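If you scroll down you'll find the structure; I have some questions about it.
Letters A, B, C, D, E, F, G and H name the chains as they come in the text, with residue numbers starting at 1 for each one.
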Amino acid sequence: MMEIRIHGRGGQGAVTSSKLAGLAASIEGKYGQGLPFYGFERRGAPVEVYLRFDEKPILISSRIYEPDGIIVLDPILAELGNVVARGLKEGGFAVLNTLKDPEEFEYAGKLSKIATVDATGVALKTLRAPITNTAILGAFAKATGMLKLSSLEEAIKRILRERFHKPNIEALRMAYDETQIKEM
Amino acid sequence: MMEIRIHGRGGQGAVTSSKLAGLAASIEGKYGQGLPFYGFERRGAPVEVYLRFDEKPILISSRIYEPDGIIVLDPILAELGNVVARGLKEGGFAVLNTLKDPEEFEYAGKLSKIATVDATGVALKTLRAPITNTAILGAFAKATGMLKLSSLEEAIKRILRERFHKPNIEALRMAYDETQIKEM
Amino acid sequence: MVKEKVEFITGNDAVAYAVKLARVKVIAAYPITPQSPVTEKLSEYVANGELDAEFIKVEGEHSCLAAMRGAGVCGVRTFTATCGPGLMYAHENLECVHRDRTPLVIAVPNRSYSSLFPDYTDSMCEATTGFIQLFVESAQEALDTTLQGFRIAEDHRVLMPLMVLYDGYVTSHTGATVRLPSQEDVDKFLPPFKPYVVRVDPSRSEYIQWERPGVPLQEMEHEMAMTNAKEVIKEANEEYAKIFGRSYGDGLVEPYRVEDADVVLVTMASMTGTARQVVDALREKGKNVGLLRLRSFRPFPAETFQELQKKYGFRAMGVCERDVTHGCNYG
Amino acid sequence: MVKEKVEFITGNDAVAYAVKLARVKVIAAYPITPQSPVTEKLSEYVANGELDAEFIKVEGEHSCLAAMRGAGVCGVRTFTATCGPGLMYAHENLECVHRDRTPLVIAVPNRSYSSLFPDYTDSMCEATTGFIQLFVESAQEALDTTLQGFRIAEDHRVLMPLMVLYDGYVTSHTGATVRLPSQEDVDKFLPPFKPYVVRVDPSRSEYIQWERPGVPLQEMEHEMAMTNAKEVIKEANEEYAKIFGRSYGDGLVEPYRVEDADVVLVTMASMTGTARQVVDALREKGKNVGLLRLRSFRPFPAETFQELQKKYGFRAMGVCERDVTHGCNYG
Amino acid sequence: MSDIVTTERVTIPPTGACQGCAMVLIARHTLDTLGRNSVVTIPASCGAWSGAMLIDRGPTQFPSAAAAASGIAAGLRAAGHKNTNVVVIAGDGGTYDIGLQALSGAAERGERIIYVCQNNQAYMNTGIQRSGATPRWAWTTTTPVGSVQKGKLVWPKSVPEIMEAHHIPLVATASIHNIPDLKRKVKLAQRLTTEEGKGLSYIEVLNTCPTGWRYPPEKMITLARLAVETGFWPVYEIVEGKFKLNMKPRKLKPLKEFIKLQGRFRHLTDEQIAETEKWVHARWQRLLERDERGY
Amino acid sequence: MSDIVTTERVTIPPTGACQGCAMVLIARHTLDTLGRNSVVTIPASCGAWSGAMLIDRGPTQFPSAAAAASGIAAGLRAAGHKNTNVVVIAGDGGTYDIGLQALSGAAERGERIIYVCQNNQAYMNTGIQRSGATPRWAWTTTTPVGSVQKGKLVWPKSVPEIMEAHHIPLVATASIHNIPDLKRKVKLAQRLTTEEGKGLSYIEVLNTCPTGWRYPPEKMITLARLAVETGFWPVYEIVEGKFKLNMKPRKLKPLKEFIKLQGRFRHLTDEQIAETEKWVHARWQRLLERDERGY
Amino acid sequence: MTEQKIEWKTLRGRKLDEEAIKKYQEGRAVWAWRVFKPIVDEEACRRCWLCVDYCPEGVIEKGEKAAEINYLLCKGCGVCAEECPVEAIKMERER
Amino acid sequence: MTEQKIEWKTLRGRKLDEEAIKKYQEGRAVWAWRVFKPIVDEEACRRCWLCVDYCPEGVIEKGEKAAEINYLLCKGCGVCAEECPVEAIKMERER
């Protein structure tokens, strides 16, 4: 089982990103689980969401304290190692929305892989708003190969309202293309 | 233990009569119990109250289905044998507010004693309203000797508002004097 | 010597009288049959200046309990009374009172949601809400238990809300011979309320932020308070007996003719009177039968039952209850 | 063959989807975390014309349940959802629903009065109010059980209201892979509601005065209905399995690896997942441990427990629960 | 004499109410006017004593009459009954106090409910306790006449005014001494609410309850008439925003004529009567102005 | 610039509310104006996120803020604190809907409570569901924009109007773009309610919530100003019966200027905007008349 | 499926046809509530039917000649007598 | 009497003196919520204090020379910049 923690801030769509990822996994015949650490998302306030993937049904439903990887939707949060890298497994991975280089993160050392992308930039270009959830999934897909772009696109179509399909798919693809991957 | 059922109609003060009787008994060092078959008294509607006296503390608190005697505050009710004489013990007694003769009551036969008084008349004279509760207690005191006039007077003073003391004591005494007792 | 007055009053009046003697500071109440006479009598005491209390004549029971919580955190003695649908309507706030750790006393002449007969479904639903629940048998005991109730609930080892429960229509409305203690004696038994902490106090010079850790720890403490309550109930029963000469078993359970009993009936509240007569009758026929009246339903005195069972060696208990839990023959 | 769609949705969404499939006719609801998404999703279905229902957007939960009672007596299928303080606020009306004998289904993502974590104090207070209470483990089961719920509650042998309970914040908000049945198949499983009697019907040519005898007789009948419910829950579980291929034990209790178990854990709702893993781990270490998931908390399936115990011969049961009853270590 | 003829009666005497109960009169005329295509719900109140009927009754708890009625209305529509009158008959306790929220919510939602409040200015069914509608200084069992407090200490609220603030199609007050006016308003409610679906109609009728007000029952209508003639109970209607004072005595009678007949006011001082009269007259003045203005 | 200087602050930042939250602004100015001799109770609402304070807070459940405050006020008096401000800060949900009854009861009893409603026209704390204050046609998660129903179907109610019907000493509306006016009204409430004991004061402030209304947070004050300038949010006061419109733009701006900035109104047709404007203008007209009349 | 249909005893529907109503009314006669009984003076009655409207219980009918009171159901409140504009109704002591 | 006084852990009173407040604020700093940061142009500021009133969080002080923002507690909402009548505040991307 793969356990991932998503970090974002109210307004960036972290919960939706977990729904998209979970649905994509389901489409691929896997089992997914997305568990928001619930609270109504105050605009601007940090949010955590837990994501699990497995080949067989997932039984537990606790929060994730020691993730295999993290996905960070916000460039400032990405820099707060004590927040996002909390309990992160030695040799885990990180998918970060940032303009910085992977090495600049103090927690880079204990990871095996860091993927970086300017998801905010991508979102502003495609959606005209800093809603970074679909962009970061593009980066995640590229970095881990755990989900296919096509199933994420399918998920976008099934979950979002129609007028948002095109720009989000664009964000997904653009981020996929722009993501830098660094094996540590 | 003596078990008595009081019958009246909303507005005649049946519940108060049980309180007066109970307090009078307490004053005499006996134990009393007064249990209204509760419902807010609709003006005009029939009401039942259960009264118990004993030398020792009274344990049960059920309604009374087979009374040793009845007290009826209303002349029309007094005539409704199927209502007031329900379950009345063979050889029991009745204290009735009526202008009729004891023999005229169809249930007279099975009783040992009937006391009659025009309590309505007494009440109209003393209280200027057909509130027959204190008057009927005067009749009860005379008929059964179970309570002393003096303790009933004391009870009136302790329970009623001051401006009602005099007329009610008058009603009590007048009824006591006017009560006709017939051993059957 | 104890100074008492003998009166012929109902259970409701007895409770109201006890509240007056307890010098309660804030009352909120809403009418409901068969509780209303408590509210009415207290209104009279306040209107006549016999009781110097704030009386909030709320617009419903949900608000009633909200007001009681509000007054409670100011550190003053509080009282209310309700039952049946009124108790049910207030449920959300009842569920919260014990979280405030304010020693509110509530009088409950039990009735069901609709029927006009005594029935414990109203308070049974509240058996999980953290209330101490003392079921009483008579008007006299209602008075005594209301006075004890404040002392128990306010004890710093307890600080939980408490219900005085009696049978609606029966105990509530039955006139009975009751001994009324004097104010002087009551003041000895029940000194003014000393709050453990006053959470709402504008005169405090230091500003304090009240915090509560997670629910599990709260629950543990409340459990502890309930365990302590058993001792405190016993103590109150004893102390009361010392001053007023009346006690009810050990305060938790009142045994009746249990010596050498093979079988004991377990009863609550006013049905006990009848049960006592049944026991007497059976004893006369030579049957070794006894009776245990459960006075403290919460906290449930399991130990007392065990002790009594050990002491008197009875084999079986038959429980008479006045409520029904649907679909649960084993829960 | 059964037609299903696979989606990744939360427990709340699964419930809302089931309500749509059940072609519910009247809904009333009020937002409360973590239930609100059910209300929101149903609002969407109605706004989009996907569900042809009256939706009363009440001003509070007490009114919500009052409205559900009002609609229920008109003989139509009704649904609502609430939890925590919302459930508590509605308590007075909850206590009355079963008296109407209307088969209301309520979804309850459990939470406590204040904490934002799953905790059953909200629904435990309602365990005495005549509701059938089915605790479910997953989003999939929430969907399945909501559909079964209508069938169970509406069965003329039952006619009692029913709660579908799942862990708030956990099952309610966790996205999971869920199979969505087709409308066609659901229509086969759950035909339109046929009321036993329509108490409010202005088109009736004869005028009828409805009367209810005393509470004791009512209680007896409700008890009978609850007893019947055990059978009916089992039947619904079986029928559902026939059409959709999914079942949950016998509908009342779901056993897991109980063969030759010496000890079994008894669990409810989502904690079961973790418990299953524990059992697996212990089994690997050679410990003969099993698990019974209690699905039907009311009616309580004492017989099923006994049967299972007889069949598999385990010696001890350990109960894991998520609620606390104060002052009752033996009640 | 009524100018509206109902084809059939739906109320069946006798009732369980007191001799000379005005609540019964209100319920009878309301329901008989609406006829058989109606469903009524009556929360806990003296209304519980209003006897048998040839229409169905929906269940409700005391605080939730309007919410229960909302459910009944929805349930009826869902069951295919589109034109049934859904009626509430509640007391002032169930309207001014414990049931106000449900009523306000139903009004906002535009529920098709005809809500009739029989206002006897106290909780009578439980034994005459104060309500939000109890007049200032009136005696009730919870506002007793004691040595330091005598009667109710505060002014009453007015649900007709509160409902007006909800901008519903009909708010009206009525008096039992004018039955044709009451029936006309009930018919109006039927049109606006049931037929045209414009939302909730609210009618409040003064229930001159002899038991609670402490006067001999035969004076029931006399009291109602005096209440209107002294300005104590203004009878008006607000139909889709248009205001009309329905009964306008040239000159108001002295309030004392109304007060003196009732035991609940026995203890009032002349100052208190005068102050109440001032209060009554100020309100009356505003209503006259509004009547002139038409809104 | 405030014309009222408070000696000390009682609110301590930061709060847990959204960036650019107007509720926080309302709570801060209210409490800082009243100062330390105050106790506040905040029912479930975004107010739960308003952070630490140097005054005590009383407990309440969501439906019962005004009742809890009544208890606090009584408890404080009983404990000897005669001049403490007892304040409620509630949302529109807790005021218009689930808490209305407790508020109405407290008003009738003449409780000494300063009740401030921060009206963001929806249940924001639970994720933007409709309330009784939600404008007609507005999107919320329970009045979604679907194919057969688009937004809220009915007009909102107005608790200031409802409270006016209660004849309490002060009913006022206020806007966050005019902080001195807000503070003045809070001081007025303190005088009438706490000091003179005349009963409950009610102040309602439009909370231009960026999260729920769907607009960028920096426009918070702009939106508030536009709400007043378009007549969408009239700012007035009724002090012991005397009416005054506090902000009277010569000519109202087109409502569209206010509407178009907000995501919750995105789907409105021109007809719907026009109808809302008509509704707004009719109300405005009445208020102007009342302002003239003075009551 | 077990055919174990339950019979509801808790909800009894009583049909209200004319006969049932009559029986019902007889069973609940309230004449015993009366202290005074209203007597209509047929000659004096002007058939204005005010008493019909005002009788709280609704037990006065529009008769051929005059108002007709149903004495089974009249509670004796006295409203009709008080309100009759021509004093055609007198209250007499019941017995 | 058993002296078995319980210690309440469920109700912890934390004294709020200046120091405690400072510590509390540091522990809950919200600067990380910002995407943009308000920068005051000291020269431009006319000390009208509108921003002081309008800052929702109340984290702008009346400084000696100009408005002073507490950057630990500013959430970056942009209201101050939007409302400053002389545009003395600019929002800059945080990093």
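One rule holds for everything that comes next: contacts are C-beta pairs under 8 Å (C-beta built on N, C-alpha and C of every residue); 3 or more make two chains touch, one makes a residue touch a chain.
In this text, all values refer to a predicted model and were calculated from it rather than measured experimentally.
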{"item": "Intersection of the contact lists for chain B and chain C", "value": "E"}
{"item": "Chain of greatest Cα-centre distance to chain F", "value": "B"}
{"item": "Pair exhibiting more inter-chain C-beta contacts, A-H or C-E", "value": "C-E"}
{"item": "Intercentroid distance (Cα basis), chain G paired with chain F, Å", "value": "54"}
{"item": "Distance between the centres, which are taken as Cα means, of chain E and chain B, whole angstrom", "value": "39"}
{"item": "Euclidean distance of C-alpha centroids - chain B vs chain H, Å", "value": "78"}
{"item": "Multi-chain contact sites of chain C, meaning residues that touch two or more partners", "value": "33, 57, 59-60, 62, 85, 89, 92, 96, 99, 199, 207-210, 222"}
{"item": "Touching two or more other chains - residues of chain B", "value": "40, 44-45"}
{"item": "Residues within chain F bordering two or more other chains", "value": "17, 19-20, 52, 54, 61, 63, 96-98, 100-101, 104-105, 108-109, 126-127, 132, 217"}
{"item": "Pairs of chains satisfying the touch condition", "value": "A-D, A-F, A-H, B-C, B-E, B-G, C-D, C-E, C-F, C-H, D-E, D-F, D-G, E-F, E-G, F-H"}
{"item": "Footprint of chain C on chain H - complex, ascending", "value": "1-2, 4-6, 8-17"}
{"item": "In the complex with chain F, residue positions of chain A that touch it", "value": "10, 40, 42-45"}
{"item": "Complex contact set, residues of chain E against chain D", "value": "36-39, 41, 52-61, 63-64, 66-79, 81, 84, 101-102, 104-105, 108-109"}
{"item": "Sites on chain F touched by chain E in the complex", "value": "96-98, 100-101, 104-105, 107-110, 132, 153-158, 161-162, 164-167"}
{"item": "For the chain D and chain G complex, residues of the former touching the latter", "value": "101, 156-157, 159, 196-197, 199, 206-213, 217-218, 221-222, 224-225, 228, 231, 235"}
